[in-house]
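Chain lettering (A, B and C) follows the sequence in which the chains are written, and residue indices restart at 1 in each chain.
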Amino acid sequence: MFDMAGIAVEIGQALLSLALAPALVGFIRWLKARMQNRRGAPIWQPYAELRKLFRKDMVVSRQASWVFHLAPFVIFGSTIVVSLLVPVLVTPLPFNAVADLFAVVYLLLLGTAFLALAGLDTGSAFGGMGSSREMTIAAISEPAIALAILSLALAAGSTNLGEIAARTIARPSSALSPGHVMAFVALFIVMLAETGRLPVDNPATHLELTMIHEAMILEYSGPYLALVEWASWLKLFVFATLAANLFVPWGLATSLAPAALAVAFASTLVKLVVIAAGVAVLETRVAKLRLFRVPELLAVSFVLGLLAVASSFSVR
Amino acid sequence: MKAALLLTGLLAPWAISAALSALLRGSPRLAGRLTAAAGAMSLGAAAAIWIVVLGGDVLVAGPGDLFRADALSALVAGCIAAVSGLAMLPWAGIGKDQADRDRLRVFRIFGSLFTLAMLIAVTINNVALMWVAIEATTIVSAILIPLHRSKASVEASWKYILIGSVGIALAFAGTVLAYFDFVSLLGRRHDALNWTLLMDVAPTLHPDVLRLAFVFLLVGYGTKAGLAPMHTWLPDAHSEAPAPLSAMMSGVLLAVAQYAIIRWKAVVDAAGGPAFTNQVLMALGLLSIGIGALSLVRQQNYKRLLAYSSVEHSGLICLGLTFGPAGVFASLLHLLNHALAKSMSFLLAGRVLARYSSAEVDRVSGLVRTMPATGPLFAAGVLALMGLPPFGLFLSEFLLFRAGFASGHPVATSAAMLLAGVGFVGLAGHLARMLHGPAPDGVAAGEREWWMLAPLAVSLVAMIALGLLLPDTVARLLGRIAEAISI
Amino acid sequence: MQGVFSQVAVMGSSGMLLCALIVLWRRGVAAYITAFMWQSVVLGALTAAVGYFGNDPQLYVVAVLLFGIKAVAIPRLLRRVSQRFTAGRESAPYVNTATSLVVSGLLVLLAYAAARPLEAVADAPTRAGMPLAMGLLFISLFIIVSRKLAITQVIGFLMLENAIALLAVLATYGVPLIVELGVFLDALMGFIVMQIFLYDIHDTFSTTDVDVLKRLKH
């Protein structure tokens, strides 16, 4: 596992994810703009934003503690670790032995927890409000995603990401089974909740009282803000890749041959574009839910996960 | 040939009565007489069927043995014909002015269809078509409940049709499950749903599946039979419906639902033994007796009083079914007696309601003085329902409890006796208040239309006869049924 | 071929179950009627599929009847009723939305447990959908019990009938035709009577919220 080639592959995958994540978000924004009859910013706009932010000075509140300074690195770090474990191009990954689905989910939750702490840290009212909302949503979406994962794991007999992908490749007909489809929808709903997309949270809002994710990062500026934003885009990228490559794993390379890698790159790109288009269409069609309605949406996700678990039990 | 003739004589008069009542819009008296004649003819056919069946024959008619009347069918069909014949006579409770004449016409049409559906349900061989007939009774009776439109009657009819339809749908689910078990063993046959075939192959069917089916069937048909906890529609529907309809519903519709339960119990017991069905029936039976008896104490409305009494007696009948052949005998005798007593009580309650214009127990007093014939007859009916001798219900309850002790269920039987005692006290208290004391102002005294009481007096005599000396014909018929369906 | 048949059966059953979940999730009566319509469409399609795979042409007749009555006629009547009664939203059901959804998930698990004896006995390719049919049955019962508007209760009852029809189609490839016709007739008559009562309730009480039907207590 720890040989040089393996480490090189993993680092390469992390860099690729970091490079592609802003493009994914840029694509979603561009597609939304086009659907709303605007020209929209070009797809590489997020890269420009990152470059701008890295150059700027930081303004840090006097009330901020070490949590405020630590949080961007924890968030960024945990998300990068997740990107090391998720199958983007190759399966099984060199680090596959530690690529457990529960580990992935809870690493992402670690980032969320620290972000919430950072929102509280400066003592601003909006930050606190955003943090409490975010933790509510995280608390309710956690059982939903756990069940969705459980149904996948039951079908594959293991929570290891590589195993799950391999099992689905081996049995193509299971991809269309209702349990699979329901788990996918459950995961998609949780993805919308965790990454702060509509209908749970509007990423483009300017009104502080409607913010959830944006409220927590209001106090950040300069490089810290760049890190936090990049981490949140990477989180969306990771979720989308999970959804794509666990449920529709065909195209993933099983070896490091350049031809296989090229095919894997193309197929992953296509799947990501499809998912991004789905998110963009949904965001254009659906209005933001009032906060007390969000638990209802997550309850739907929970029930779908429960049904997926029940159906995978009966299949065995 | 004889079978076809008798069965036609049982069923056709009601169909003709419905059609003629619809057509003869302008001559209500003629329609009324025709309906009464239809009732008499049907009753005669039922009696003839009874005699034939006693001799050991089973009447079979129709394509593919569609209609089949054995001992149990004969018993319940007799009850239906008798009670419906009584109830469809022109009664007080649906009055004399034009609006009431229209109501009377609607009542005759749908009441005839109601009776026809009930009779088909007990004489048809196919389980699923029996279900269709019972569902039809729900729909037809639901149309009739809000005959006198008011907030209470609309509420009652909504509850009735919703809960009744849900119950019936569950019964169909049970039927589908039983059919599924049959099909998985023997393939799809066009006569798969006949009672006779089901009873024959029952020992080879899977007990687990049939038990699951029985749960659905008991909940479903139990809803129609007024078993707790699915009984919540019963007090409302039976108290808000016009008195003759209440008589029919309380007296015989409950009996038809019990008929379905008894038939299915026989099939499921033949497959896996009676232990499971006995447990479930005992639980629901005791619950019904308890809820019925305890609710009797707090009632303010005498029609609801009679309705809760139906819940109690329905529970007693179900409980008796779990006590072996002697218990089944007692249950069936109880079914017969209850049909007579309850229908009589409701019809008389209708007369009381017409005179006093109130269904509250508090507003009714001095019955013996204001209605010197109806009062004592009503008292006799309620005393019969309380289980007092010399009426038939005393004998059937006695036999039931004895069977309970004999079959080794002392706890359940004692509990039932205790609860029945509570019901006794409840009914007695209310009855005493209604009978005695001064009559309220504005209530005319004296009896009108004495001749309407004559048929009720006949049913009273029948009840006493059944209580004192249990005629041999009845005993033999019941014995025959008990042998055929219990293990 | 059997694999495809099995998949189709399970997909159809899951689809019908999800339509019932819509009634527990959404608030507007119009959404409920649409959900029922789609559920009936899926049931009709599934019946036709079973007729095709199981070589039973009688089921085509049943499927056509299902489409005609349950997917076209009844939703149209329901929409007309719900438009007359302006209260088009189930504002405060007896059990709130999130709890209802969780309860329905548990009911499906209960259905899987209860249907074990059935799966042990069955050998048809459609047997995997039977627990889902029972789950739909339980969820429909729950809808009837936990909702306040009379029209939602009627929709719950119609879904209950769909559940039982689904169970019949999956377990035994449908019941004999004469029974099927009798059941349809009864269902239609029952629905018409319920509709009449909806008008009655509205006329008598000026609302179709069954919470006001409280005059008759004990």
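The rule we apply is simple: a residue touches a chain if its C-beta (ideal position, glycine included) is under 8 Å from a C-beta of that chain, and two chains touch if they have at least 3 such contacts.
Because the structure is predicted, anything quoted here is derived from the model rather than measured.
Novice: In terms of CA centroid distance, which chain is the most far removed from chain B?
Specialist: A
Novice: Of the chains present, which has its C-alpha mean closest to the combined C-alpha mean?
Specialist: C
Novice: Ranking chain pairs by contacts, what comes out on top?
Specialist: The largest set of C-beta contacts joins the chains B-C.
Novice: What whole-Å value do you get for the distance between chain A and chain B if each is reduced to the mean of its CA atoms?
Specialist: 65
Novice: Which whole number of Å gives the spacing of the CA centres of chain A and chain C?
Specialist: 37
Novice: Report, in whole Å, the distance between the mean C-alpha point of chain B and the mean C-alpha point of chain C.
Specialist: From the centre of chain B to the centre of chain C is 31 Å.
Novice: Considering chain C alone, which of its residues make contact with at least two other chains?
Specialist: Within chain C, no residue touches at least two other chains.
Novice: Residues touching two or more other chains, restricted to chain A: which are they?
Specialist: Counting only residues that touch two or more other chains, chain A contributes none.
Novice: Going by the contact rule set out above, which residues of chain A touch chain C in the complex?
Specialist: Those in contact with chain C are residues 173, 176-178, 181-182, 295-296, 299-300, 302-303, 306-307, 310-311, 313-315.
Novice: Along chain C, where are the residues that touch chain A in the complex?
Specialist: Interface residues on chain C, with respect to chain A: 3, 7, 10-11, 13-14, 17, 21, 25, 97-98, 101-102, 104-106, 108-109, 112, 119, 128, 131-132.
Novice: Tell me, which parts of chain B touch chain C in their complex?
Specialist: Against chain C, chain B makes touches at 126, 128-129, 132, 135-136, 138-139, 142-143, 146, 149-152, 154-159, 161-162, 165-166, 169, 172-173, 176-177, 179-181, 183-184, 188, 190, 192-193, 206, 208-209, 211-212, 235-236, 239-240, 295, 298-299.
Novice: In their shared complex, at which residues does chain C touch chain B?
Specialist: Within the complex, chain C touches chain B at residues 114, 117-118, 120-123, 137, 141, 144, 150, 153-154, 157, 160-161, 163-164, 167-168, 171-173, 175-176, 178-179, 182-183, 185-186, 189-190, 193-194, 197, 200-201, 204-205, 210, 213, 215-216, 218.
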